[in-house]
C-alpha cells in the first residue's frame, strides 16, 4: 500500500496532556516517559510528511462551559469536565507547538467524544481521500486511541497502532491495553518499524516511476 | 415535549447562499423569495431563543484547496468545489450576520458532506443533551435539509420540517421535495405554526411550575 | 473499476411490493409498469452474476407485532405498520422468487429503517470486501433507494442508480426524484448501459490476464 | 428510570462460547468459572423478563464460507474464521438453550463485527423504543462487550456493565478490562446489585400507579 493511501492520526497532542502545566499532564507524564511518547511521535510526524503519508490531527475541545454535552456527565467525560480540560480558545486545548499542523495537514473537527470517529468528520475525510491504512498515535492508550482503533477496524481499515507513541494514566494501564486488546483490532508496531515501512514504500514508488 | 428537549437546526445560513454576492446566491434567490425563507427563519430563531429551545447552527466549510476531500469529486460536491464555495476563513463561508451565533447557541463542527449527521458532532451533541425533537430549516430543501431529515428520522428523533424556512435551486425542486418526501420522514409545518407550539409549551411549563 | 469491486444492491424485491396480492403492490404497480422495473432488474441480476459483480439483497422485515419499533410510529414507518407489511416469516416479506438469493449472493440483515445503511450490516460488508462502486435498484425510488443513495455517496462510494430498475408510489414521484435528486448523489444510468459497462469490464479483465 | 426504558443486551450467549464442544469454549471456560458468568446472566435474564425490562439478544454469525467478509481477515476476525466459529445454521452459532429468546424478546440481526452497534440494527431499535439505559452481559469482556460499551457511551446511553456476567479468554484479561476500562465508559456493577435495582424500580412504578 503506497504512502498516499496511509493516514497517520495524531490523537490529542494538546497541551493539557503533553506540556507541564496542562491540567492532565501529571496524570500521563510517567507513561510518556516510559514510552518516550513525544519523541517517537515527533519522529513519525516528520517521516510521514517527508514520505507522503496523509497527516491528520485529531484534537478534542469543548466550548467554555461545556454547553454541548450533558450537564450531568458520568465516566471519562465527567473527568474531563471536572478537570476543566480542553476548553476551546485556551492554551490547554491548543495542539502542542511541536506537533503544530502545517497547511497540508488535515485537522479533524468536532471531537467531543472519545472515539475519533464518533463525533467528527474523520470517516468522511478518510473515505473521500481513499485512505486504506490508518496509523494511530496519542492519548490515552486505553481510552481515545483504543476506541478509535476498535472503530477503524470495524469500518474495514487496515489499522496500525504505534505502541511507543501512545500514553496512558499509568504504565500498567497502557501495557494491559497494548498486550491484551491492541492485537485483536490492529497490527501493533514500533515507531521505528513503521518509519522503515514508509521509507521502503517510498522507494518502491520511486522505482516504479523509473527513477 | 418541553422546549428544552427541542433543537432547532439552522442549516447553512451562510453568505454564499443567503447574501447577494455569495457564489451560490443567484441559484437560490427565487426560492428564497417564494418562501420568504430568511424572514421566516429569523422569526423562528428569535422565538427559539426566547422560549428556551436549543439553537444549533450547522454550517458547511472546507479548507482552502478542498484538501479534505477527493481530488476528483462528483455530484453535488463537485458543484461546491467548482463554485469555490464555503471556503473556511472567507466571507462566503461565514454565517449570515442576521443568524450570527450567540454564546448560548451551539455551532456544529465538521460538516463536509450533505447530511448534517454524516460528518459532524451533531448526533453526539443531541444525544448528550437529551434532545428528542429536531426542527429543520435552511438550504437546500432537497439536498442538505432533506438528507438531514432522513437521517434524523432514521435515528429515532421526532422530526419537524419548516416548509417555509427552506430554499432550493428552483421553486419546483423545493416543492417536489416538500410534497413527496418530507411527509415520509417528518411532520412538515409552517414557521408560524411551529412558533405557536413553542409558545404554548412554554406556557404549559410555566403552569406546571405553579406560576 | 473491476466488477469484483462492484456491488449491485437489490432493495426490497419482496412480494409485498412486487407481486399481485402483496399489501403494497397496488401502490407501486403503475410505476413498475412505466419503468419495466422487474424486467430490467432481472436482467441486471443475471448479468451481475455472469460478470462477477457482488450481488447483494437488502430486504426489510419486522417481527410479528412490530415489537422492535416504537408503538407510536409516524411517517413512512406508520404506513408500513398500518398496512401490516413485511412481516417476517410471511409470504409478503419473502424475496420474490424471480430474485431469489443464490448461495454466492449476500443477504443483508437487520433492515428495519429506510436507509439500507442505517440499521444493517451493509456498510460493514462492503468495507470488508473492498467494494468501491455501489449500484442501486428497487423500491421506492424516492424512499429507501434514495436514502441509501444519499448515505452511500456520503460514505465515499461511487454510486450508480439504475433509473429504470426502481419504482415509486406514483410515476410523478419517481420522476421527480430521478430528475432532481439522483444526479446530486449518484451517476444515474439505465440498466442496459450498466450491463454494457459490466461486460466491457469483464473483457478488460480478460485481456489483462493475457487471454 | 423505569424498567421499560432499560434494555439488557445479552452478547453472544452462543454454544461456540458457552457449551462444551463449542469451538471457542475451552478458551473461555476458566473465566466463565471464575465469574459464574452463566449463572449470573441467567438470573439477570429471568429478572429482566419478570420486571419488565427489554430483553435483547445479540448473536454473531456468518454465512458458511464467510463470504460476507474479506478473504484476508486479520486480528480477531481472523481468529473467528480460523476456528470456523459462529457459522449460521450450525449448532455452534445457536443461542444456548438456557438463554433461548422468547417471543417478547428482541433478537438483533446483522452482527458480523465486534461492536454490537457497528453492523446491526441495535441502535435503530434502541432509539425507536425510547431506551435510555443499556445493560451489558456476555462475551468477551474485553472484545465485543467492551466495544459495545464504548459505543453505547459515545451515543449517549446510560451504560451499565455486569462485571460478573461477562467472560474473557483469560481471567487476567477480563480483570484488566473491568478494572481499567469499564469505569471510563459505564457504571460497573454486579448482577445482584442490578437485579435489586430492577426490583425497586418496579416497586416504585407500582407505587406511582397507586397500588
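Chains here go by letter, A, B, C and D, matching the order in which they are written, and residues are numbered from 1 within each.
In the analysis below, a residue touches a chain if its C-beta (ideal position, glycine included) is under 8 Å from a C-beta of that chain, and two chains touch if they have at least 3 such contacts.
Keep in mind that this is a model prediction, so the values were computed, not measured.
Novice: Which number of steps is the smallest that gets you from chain A over to chain D via touching chains?
Specialist: Minimal hop count between chain A and chain D: 1.
Novice: If you fit chain B onto chain D using the CA atoms, what's the rotation angle, as a multiple of 5 degrees?
Specialist: Answer in degrees: 180, to the nearest 5.
Novice: Can we say the copies chain B and chain C touch using the same residue numbers, with more than half in common, or are the two sides different?
Specialist: The interface of chain B with chain C is built from mostly shared positions.
Novice: Among the chains, which has its CA centre at the largest distance from chain D's?
Specialist: Of all the other chains, the one whose centre lies farthest from chain D is B.
Novice: For chain A and chain C, let me know how many angstrom lie between their CA-based centres, rounded off.
Specialist: Roughly 38 Å separates the two chain centres.
Novice: Distance between chain B and chain C based on Cα centroids, please, to the nearest Å.
Specialist: Each chain reduced to its C-alpha mean, chain B and chain C end up 29 Å apart.
Novice: Where the centres are mean C-alpha positions, what is the separation of chain C from chain D, in Å?
Specialist: Result: the chain centres lie 32 Å from each other.
Novice: At least two other chains touched by the same residue of chain A: list those residues.
Specialist: Those would be 70, 113, 118-119, 123-124, 128, 130, 154-156.
Novice: Linking chains that touch, what shape results: line, ring, star, complete or other?
Specialist: Topology of the interface graph: complete, with all chain pairs in contact.
Novice: Hey, which residues of chain D end up touching chain B in the complex?
Specialist: For this pair, the touching residues of chain D are 123-124, 126-128, 130, 154-156.
Novice: Under the definition above, what is the set of chain D residues touching chain C in their complex?
Specialist: So the residues of chain D in touch with chain C come to 63, 67-70, 73, 104, 106, 108-113, 118-121, 123-125, 128-130.
Novice: Which residues of chain C touch chain B in the complex?
Specialist: Residues 70, 74-76, 79, 113-115, 118-119, 142-143, 146-147, 150-151, 153-156, 158-159, 172-173, 176-177, 180-181, 183-187 of chain C touch chain B in their complex.
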